[in-house]
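Shared between the two complexes below is chain A, which pairs with chain B and chain C, respectively.
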Partner chain A sequence: MPRIHYLVITALLLHTGLAQADIAMVTNADNGIDQLSQSDALNIFMGRYRKLPNGALALPIDLVPLKARFYHALVNKDLAEINSYWARLVFSGQGSPPQQADSAAEVINLVVHNPSALSYVDAARVTPEMRVVLVLHE
Partner chain B sequence: MSNSAWVVGARAMISLRYLMICLLALLPASAWAQTWLDSDRLTFSGFGTLGVVHNNSDEADFVSDLGQPKGAGEGWSARVDTLLGAQARLKLNEQFDIMAQGISRYHYTGNFRPELSWAFVRYIPAPDWQLRAGRLGLDSYLLSDSRHVGYAYPWLRPPVDHFGILQLDYIEGVDATYRRPLGDGLAWAKLFVGRSKSHVVLTDDLSAEIDIDHVYGGHLNYATGSWQFRVSYTKSDSETNFSGDYTGGVDNVYALLTYQLIKQAFVYRSMQLYSLGMIYEPGAWQLQAMRNQSETDENGIIDSGFASAGYRVGPTTPYVMFSRVWTSFPGIPAGQSFEQQTWSLGLRYDVASNLALKTQVDRVHVHKPGLLWRDTGADWDSGGGHVTLVSFGLDFVF
Partner chain C sequence: MDRLLTLFRTRLALRTATIILLIVGLLGMGFLFLAVQMRASSEQRVQYTRLEELLSTVERTTQIACFLGDRQLAGEVADGLLSNRIVSEVRIVQNSGEVLADSRSSSDSQEAKSIMRAVHSPFEANAQLCQITLVPDQQRIDAIVSEASRFLAMVLLLQLAGLGLCVVVVVVRFVTRPITGIAHRLSELEVETGHKLQAPRGNHHDEIGQLVASVNAMIDHLMTSLSEERRLRLEREIEERRYRTIFDNVEAGIFELDSEGRVIVANSAFRRLFQLEDTFDPHQQAVVLSELASEGGPTFEELAARDSEAGRARQWEMALGSGVLKRWVNILLSRLEEGRLQGVAHDITERKLATDAAERLALTDPLTGLGNRLGLERRLAVIARHHRLHPECHHAFVVLDFDHFKSINDTYGHQAGDTVLEHVAGLLSGLITQRDYLARLGGDEFVIVLDRQERREQVATLLTHFVELLDDPIMIDDTVQIRMGASIGVALLGVDTDDVQEAMHFADQAMYRAKRAGRNTWRFHGESLTSRC
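What follows is the complex of A and B.
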């Protein structure tokens, strides 16, 4: 079965004409969330409103090697600007930035074990354990 | 900057004992993202600014806010902008966390004595709600609770005409924030209530300790796309205790008059602050504008506002800003009350993702002197004038 899932997802990705460079936002496959809007993703990753469509508190996770590309695609900002933004929020006690994962394997592990986790991987590296809820085009 | 300027700046730094000791301790620290982003329950982080300012006037010393008893006189000074902050945060579970934050900066005590600026417990019962109790930064207008975090904004310092007259750093109390999506954007509302104490320097000879029995207020925000808007209201009930006697000499009639009138102006029992703020950041542009009005129960009014525009090109963000403050107090003849405006031109250069270099030139036109200047000369007291400030700063987070 997982093999079939994988094939279906790959077929879907190819069908929608995804370039290799696209970024797929992924969640746990069992949390009942089918898709996410870009403004939902922005609110969650920028710490404005961390509520998933199923009502749960979202756990956003940054994939460090992909982070610069992700924030360019999401909010058109450099990492220095993102850090500057978080400096304001962190040092006025308004919350903390997403958890940091160093590898796609770590992201997969977190997403598989946490129904509220929301992260991103290169669209070419999506695996069957994850559900793609939004694709960001670069 | 010339070599001699660096020498003067460096000499001034020596007096900043607390800062240097702490900075040395930080040298081996890794990139801040790794320090404060790790998933451990306990995280440490911090921010700071090393700043030097050159003042071209021998008539008036520049301060960056009302709490600073001495300013930056003619030549170079590292006193007014340099600071260091540190934070510890303990996450108990998904719903509760505890945060404490201290800051060392030149303030009312006349030195860099560190102060506990935040210490609170936060409770998040649901994604829409946040409750905090303890010592909280005063959030009475946009950026007011993060104005010391230089790395967070493009300017070398927040516009003094607007932020320098803010009399409160923090409250002891509670706040509640509620968020919900509205239309294409996100709306949120915050209410706060507490008590506080504030120390301000009104003239070289006159300081005031303001005991604030009650302070309460709130704000409504709306963010959509690249826009963010805020409208805020704060009310405080207070009692002012003055200290200091006039020592300026009876021949300086303007200084004597200012002393008496300012003292009179700050005898009030309550103050209300209204504020509007706006941020627009589409791509490379960074635009901000704010407008405040404070009114005391004795009909004293302080107006201020600023507008700023920056444009990011790679690591470089040049910006221009205009700010203004004007006051009116019953008892002070019309046109004689403190008023000034500033044009600022500057550049932020992001050296690394936790380090920014900045430079800024300010041209301050003081129409009527007062409040934000120290050690003023008799000529200046009668009519004010122009001051040019040239500043260099290094902002970092870790």
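What follows is the complex of A and C.
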């Protein structure tokens, strides 16, 4: 049975990968932000801005399995480049990369419980507790 | 300095090398200037390219620093750039005007052309975030440029020096040394022996070989002319000796005159002939030829006459001394060169005397010692010439014919006739002067030419005197006495006629008239007047 479960997940994953589903940037539904420009998203995820457009603190969260696709869609760069970017900044002690979440569930959990959280999930996995502020098409 | 100049004058290699070096140096200076100029601008370009490259190297980091507005990172970038010595200042300014970094090196540098570059966002290619300005250290760049130029100059200088050395070596090896060798050998060469010059090894076919060949040809030529000269000199010596022998021993006097007629060379025969001392030296005492002569000889004008071409001889006869010691010399002069005459003198006294005697004999009547017909004709020719030149002078021609002379011969014999003729000749000779001429034409016919006799009265006086003398009887021997009578005719040249022969003819006619008039008298031609001379 668990074997079948895994197969299903794998198939689903493969399916989504193949389907190239859109990535939805999501935040806590209560933080009052309806919309986010791609530029704002970029500035926040690349460490330039620490606040959301409404002045509230921003807490960007990377979803590790979706990270490569996300950054590709956001800044058209692969992970190695993104890592090298952060490596420089870490070295100078100026800022740090977004918090890392290993699963969509963790992301959902964080977003639901933290009004500052800003992250992304597969568009298919969006739940009503989160608000989609930006959809990145691949 | 003087030594250097001397060396410069005497060393071909040095001179050549100096001149070549001078030219190469000047050219090198020009090239160096150009090269340095080009090198400087290229170096400048290189430095700016380097700066651009530096900026490219730090671009990403700068982009990130600008993206994040990170002063620390910007400062790192600026410091990193400043660690390069050609950078003097780095400024990173955000678009908002906020200065992220502004660092400059400690050394104060002059203002230079700065490099500015816009810095874009690392994620959005067309979003300019800030500007980075890089000011190069011009002093440093200049130092680099000048160092490069110095290196270039050094290399060129070394090349020049090397070139000069090579030129000196080559000139010495290939030009100077062979020439010196030739000069040395030439100075030791004995031309008389006919030795030839050897071309230096390896120079047989080049210009030095040609020089040697030319010198050898000259030596050949010299040898030929030298031996020819020697032969000619020998010949000349023989000739001279021969001439000297002749000159000294010949009987004829040989001498030379200058344009003034002074004797400049004389042989011993000449000295003897002209009675000069044996020690006579023409260079010590001046002797003029014409002054040696007592009579005749060339005058100064004749000597100086230019019409006498060289080689054509002219002759004179001149007398030396007087009286019994009088000698006659024939001289023959020919022109040797301008202002120099050569002469030969012969003693012709004997010949002259012999000729004179023969001439006298030919013109003399042997019986009376008076002139004969030939003598008279000579005299008449002289008178005619004189009369042509001086027509105002008169001459009297007197023709005498003795009466009945033939009967004396017949009666007393020829001996008695001759005695009578001699007597009459003596009488006549006593009456006339030295200038007059008396001739017996043959038989008993006598002619007197009275020189410059202008008046009949004078002639008449003379004739009167003669007739008186003739009136005395002539003693043939102790027993025989003869009284002579003469018929005389007179004509005056210049009065009766101007023609000599006609005057003679007139005198003859007058004599016949006197004979017809009864003998022992005289008649003048015509009734002429007196005239003066």
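Here, the second predicted complex is superposed on the first by the 118 of 138 C-alpha atoms of A that agree within 3 Å, B and C clash if a C-alpha of one lies under 4 Å from a C-alpha of the other, contacts with A are read in each partner's own complex, and residues count from 1 in each chain.
Note that in this section contacts are C-beta pairs under 8 Å (C-beta built on N, C-alpha and C of every residue); 3 or more make two chains touch, one makes a residue touch a chain.
Treat the numbers as computed from the prediction; the structure is a model and nothing was measured.
Undergrad: With chain A superposed, do chain B and chain C clash or fit?
TA: Result for chain B and chain C: clash.
Undergrad: In the superposed arrangement, does chain B or chain C reach more residues of chain A?
TA: B
Undergrad: Once the shared chain is lined up, is A:128 touching chain B (first), chain C (second), both, or neither of them?
TA: neither
Undergrad: After the superposition on A, what does A:79 contact: first (chain B), second (chain C), both or neither?
TA: Once the two structures are laid over each other on A, A:79 reaches chain B alone.
Undergrad: Is A:96 contacted by the first partner chain B, the second partner chain C, both or neither?
TA: first
Undergrad: Examine A:115 and indicate which partner it touches, taking first as chain B and second as chain C; both and neither are also allowed.
TA: neither
Undergrad: Check whether A:39 is in contact with chain B, with chain C, with both or with neither, and answer first, second, both or neither.
TA: Touch partners of A:39: chain B and chain C.
Undergrad: Now for A:88: first (chain B), second (chain C), both, or neither, which partner does it touch?
TA: both
Undergrad: Between chain B and chain C, whom does A:53 touch in the aligned arrangement: first, second, both, or neither?
TA: neither
Undergrad: Please state which segment of chain C collides with chain B in the superposed model; the candidates are 5-13, 23-31, 95-103 or 419-427.
TA: 95-103
Undergrad: Report, in rising order, the residues of chain A that make contact with chain B in one complex and with chain C in the other.
TA: Common interface on chain A, chain B vs chain C: 39, 48, 76, 85, 88-89, 92-93.
Undergrad: Show which residues of chain B lie in contact with chain A when the two form their complex.
TA: Touch list, chain B to chain A: 32-34, 36-39, 43, 45, 47, 85, 87, 89, 94, 99, 101, 118, 120, 122, 124, 126-128, 132, 136-137, 139, 143, 145-146, 149, 151-153, 179-181, 184-186, 188, 223, 283, 312, 315, 350, 352-354, 356, 397.
Undergrad: Can you list the residues on chain C that touch chain A in the complex?
TA: 61, 64, 67-70, 72-73, 76, 122-124
Undergrad: Under the definition above, what is the set of chain A residues touching chain B in their complex?
TA: 39, 43, 48-51, 55-58, 76, 78-81, 83-85, 87-93, 96-97, 99-100
Undergrad: Give every residue of chain A touching chain C within the complex, in rising order.
TA: Going by the criterion above, the answer is residues 39, 42, 46-48, 75-77, 85, 88-89, 92-95.
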